[in-house]
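Take a look at these structures.
Next, two complexes with chain A in common: one pairs it with chain B, the other with chain C.
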Partner chain A sequence: MSEFFDFLGRRYDDLIEVGLEHMYLVGISVLLSTAIGVFIGVTTYRTERPREIALAVTGSFLTIPSFALFILMIPIMGIGAPPVIVALTMYGLLPVVRNTITGLREVDQATVESAKGMGMGRTQRLVRIELPLAWPVIVTGVRVTALVLVGIAAVGAIVDGPGYGTFIFDGLARVGSPAAINLVVSGMLGVIVVAILFDTLLAVLGKLTTSRGIQ
Partner chain B sequence: MTSSAAPGAPDLAAAPQAPIAPVRRERRSVGSYVFMPIFLALVCAGLYLYVSNQELDTIEQRALNAGNITAALLEHLRLTAISTVLVILIAIPLGVLLTRPFTGSYRGVLLTLANIGQAVPTIGLLALMGVGALSFIDIDIGVTAAIIALVAYAVLPVLRNTMVGLQQVDESILEAGRGMGIGKFGVLSRIELPLSVPIILAGVRTALVINVGTATLAAYINAGGLGRIIVAGLSTNRITVQITGALLTAVLALLIDYLAGIAEDVLRPKGL
Partner chain C sequence: MTEQTSTASSAATAPGRTMIKLEGLGKQYPKEPKPAVDNLTLEIPEGEIVILVGPSGCGKTTTMKMINRIIEPTSGRIILDGEDVTKADPDQLRRKIGYVIQQIGLFPHMTIAQNIATVPKLLGWDAKKIDARIDELLQTVSMAPETYRNRYPKQLSGGQRQRVGVARALSGDPAVMLMDEPFGAIDPITRDRLQNEFLRLQAEVRKTIVFVTHDIDEAIKMGDRIAILQEGSRIAQYDTPEQILTAPANDFVADFIGRGASLKRLNLSRVRDIQLSQWPTVQLGEQPSRVLDVLRASDKGFALVLDEQRKPRRWVSAPDLQRDENRPLDQIGLAPEAIVEPQATLNDALNELITANYSVAIVVNASGEYQGIVDIDSITEAIRTMRTDARARARVGLDEDDTVDEAAQVGR
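After this line comes the complex of A and B, so read on.
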């Protein structure tokens, strides 16, 4: 055990730097997933067919094993951070799309009706009434996305993506040496810490961005 | 670690159950049943044409012959099947146990742990099992290590859905059952479990998809599976081999999820 703490002490700078890379990678992907996912949700929630297709397609993204998707990105995007960000963004879509659709559909129709009565147009109703009311549900989806992506990002080390995955795969490459288990465990703990940080951050952000009337 | 986990724990616990709750679906259209198999068949056909039109060198031939691919596929299916069956055998009884009144005090703690557990990266768990097994026990038990890692991770969605499924059964229905003179076990087996089947099945399907995906990574701890074709392609720097392995893996995962979706529809008790 003390050996492990020695290891953490020795690699402290590394661990912090890799952690920041991991957060950066996941942060960008979560932003992209949220932007694209909310857009897809907003454009499809009213009609049944497009809604079903949006859920089915983003659902199948999440079914594709991450190892396979990262590899399939290589011919198109090369290696490093870009293929990882694209793959992560694809994985992050479903929770956002699903919660956007659910949230918007749960908005009380009477409220929307009265907004209409006040002379609000289609876009105005969406931006000023429906989206703010659906926002807590959407934020919940974004938190799920972040948790999912933090874990999958670790696999991105296969295509030379940055982050704690590099520690895990370094450990795997050194099976048998005492460093192996230290590398793997510190990589795992790193991922969990990043997951907790993201979840806490998003919970706070969600509170701050939720309209005060519905808190 | 425990100290840094503590402040985040309630948040993770409060984190939504959204990804696992079953999508209330209206009757599926014929198109959605037919599309996926046709799409997957086209992908396979395209892959076959692409590979058979390539000049393969000896390394590529060794990785991409029918025998090797079939063997890898069977290894993959075996890993997935064994771990999923174990998950069902462990998680459903445990879920039943944890929703009985006498286990009430452990329930919250366990659900919190289960939620935090999902933040553990699958590859980390797999690597830990592999590194542990390979360096301490000094024999090659890759498959066993892989199965333990797969089960440990995939137990969570089934356990959680079993508990959520049993708890959402309307108390008044249970009361009616008891009033009709049905015993505790009868209420469980004839009312509670059938009513929670859709939610439990959704959890099993999630576990199945997780297992198919994680089994791909099992190649890194010598446990075989389709992942070893990709790994072989990576270590010899053959892009054709990598792409073939990756596409086959993706097709298998989508196919299994598709079949699980049909099973979900078929196994749902009539009347629900």
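After this line comes the complex of A and C, so read on.
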């Protein structure tokens, strides 16, 4: 055990730096997933057919094994962070799209109708009434996305992506040596810490951006 | 209520300028066998409350929502203030029409002030004017601005939310308001209070209001005119509440009003409108023997004792007087009860007198001075008069000209 702490002490700077990279990777991808996902949700929630297609397509992304997707990205995007960000963004879409659609559809129709009756146009209704009311549900989706992506991001090390995955893959390469366990466990713990940080951050952000009237 | 009766009777004699005109309006929902609204033609006079009432599913809501084009008509025209708005920009149109629905539909994520500011903002008012308007409207609906401005809808009671809904609909100072069962989801006592408040408010603001309800009692109370609708929004009768109650146009209307139309009509007349009964009265301090003389000279069994300010003090009967010959008048007999003011409705007076010991209601003015008595005879007489008036008015155009004049005069 003390040997593990020695390891952490020795690699401290490394661990922090890799952690920041991991967070950066996930942060960018969550932002992209949220922007694209909300856009898809907003454009499809009203009609059944497009809605179902959006959910089916973003859902099918999640069934592609992450390993395979990362490797498939190489011919297109090379190695390093870019292919990882693209793949993560794809994985992160479903929770955001699904919650955006659910949230918007759950908005009380009487509220929307009275907005309409007061002379708000479609865009005004969406921006000033529907999205703010659906927001707590959307934020929940973003939190799920963040958690999923923090985990999958670790696999990105296979295409030389940054993050705690590098520790885990290093460990994998040295199975049998005493350092292997240390590497894998510290990578895993790092992932957990990043996940907790993201979730807390998003919870606070969600609360700050949700009207007190619907909390 | 006070103002409402006078509006109603003026409506019967001189309908105002037409504010909303529906011409052959129709709505055929796709794949429905029959149209929900079938060729409806209706004129709504400026400054009046017109009630659309009828059984569930007859098309009231559809009709109302076609006026602000929440539902697009499939045929016919809507003329608003002389202008054909059937094809106008719906958002512009809606900013000129106040809209209140049963579920109220306040924006839960906005404060009360923000809710009320919605239409003024859309209309591009400046911030100072909007601010002043919010306070003014909150006061109008009896809610202290300091307390409620920054609250959220969830922090209000049902009745308060309804008030804010009305304030919000009035915010852009629209000439026309559409209200779909606005008091439908509220307990009866609060509803009664809100209805009265709303009528008082309407007496000031004089909006043209289309009001949907399925409750005939609400229709009678709130309406200057009532359109009773049958399936497909076909008009069974379009008239003042008095006329509808006294001269239902057909069996459908009679059925819809139900039994007790006479009782309902009592809500429409006020004590000040009827002939009060005379009653023996005596001054406090009068000799008992004098009182007995007064009673003997009348056909009544008891007399009302008045003090120097002519305020009712006591009921005394002959046995009371004979039993306690030497006691002052204000220590014998019964305390006066069932005291009503002239603006009370006959229904209120009836309720009072039924429960009173001597089965009469005492009418006093605002300073408490005795004016006369309402007894059961005055009420039956009032019902009889109303019925004859309404019959005569309903027959206008059927009889000779002189009958018409007579009817019109009785109607005053």
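The working rule: the second predicted complex is superposed on the first by the 215 of 215 C-alpha atoms of A that agree within 3 Å, B and C clash if a C-alpha of one lies under 4 Å from a C-alpha of the other, contacts with A are read in each partner's own complex, and residues count from 1 in each chain.
The rule is short, and it goes like this: a contact is a pair of C-beta atoms (placed from the backbone, for glycine too) under 8 Å apart; a residue touches a chain by one contact, two chains touch by 3 or more.
Remember, it's a predicted structure, so these values are computed and weren't measured experimentally.
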Which of chain B and chain C A:52 touches, first, second, both or neither:
first
Decide which partner touches more residues of chain A, taking chain B and chain C as the two options.
B
Who does A:37 touch here: chain B (first), chain C (second), both, or neither?
neither
Regarding the shared-chain residue A:114, is it in contact with chain B (first), chain C (second), both, or neither?
second
Counting only touches as set out at the top, which of chain B and chain C does A:211 meet: first, second, both, neither?
second
Residue by residue on chain A, keep only those touching chain B in one complex and chain C in the other, then list them.
none
Chain C-facing residues of chain A, complex
108, 110-121, 124, 129, 132-133, 210-214
The residues of chain C that touch chain A in their complex are 68, 70, 90-95, 97, 99, 101, 103-111, 118-119, 122, 152-154, 168, 178
Quick one: in the complex, what on chain B touches chain A?
1, 4-5, 7-8, 11-12, 14-16, 18-19, 23, 26, 32, 116, 118-125, 127-128, 130-132, 134-135, 209, 212-214, 216-217, 220-221, 227, 230, 234, 239, 242-243, 245-247, 249-250, 253-254, 257
Can you name the residues of chain A that touch chain B in the complex?
48, 52, 55-56, 60, 62-69, 71-72, 74-75, 94-95, 98-99, 140-141, 143-144, 147-148, 150-152, 154-155, 158, 164-165, 168-169, 171-172, 175-177, 180-181, 184-185, 187-189, 191-193, 195-197, 199-200, 203
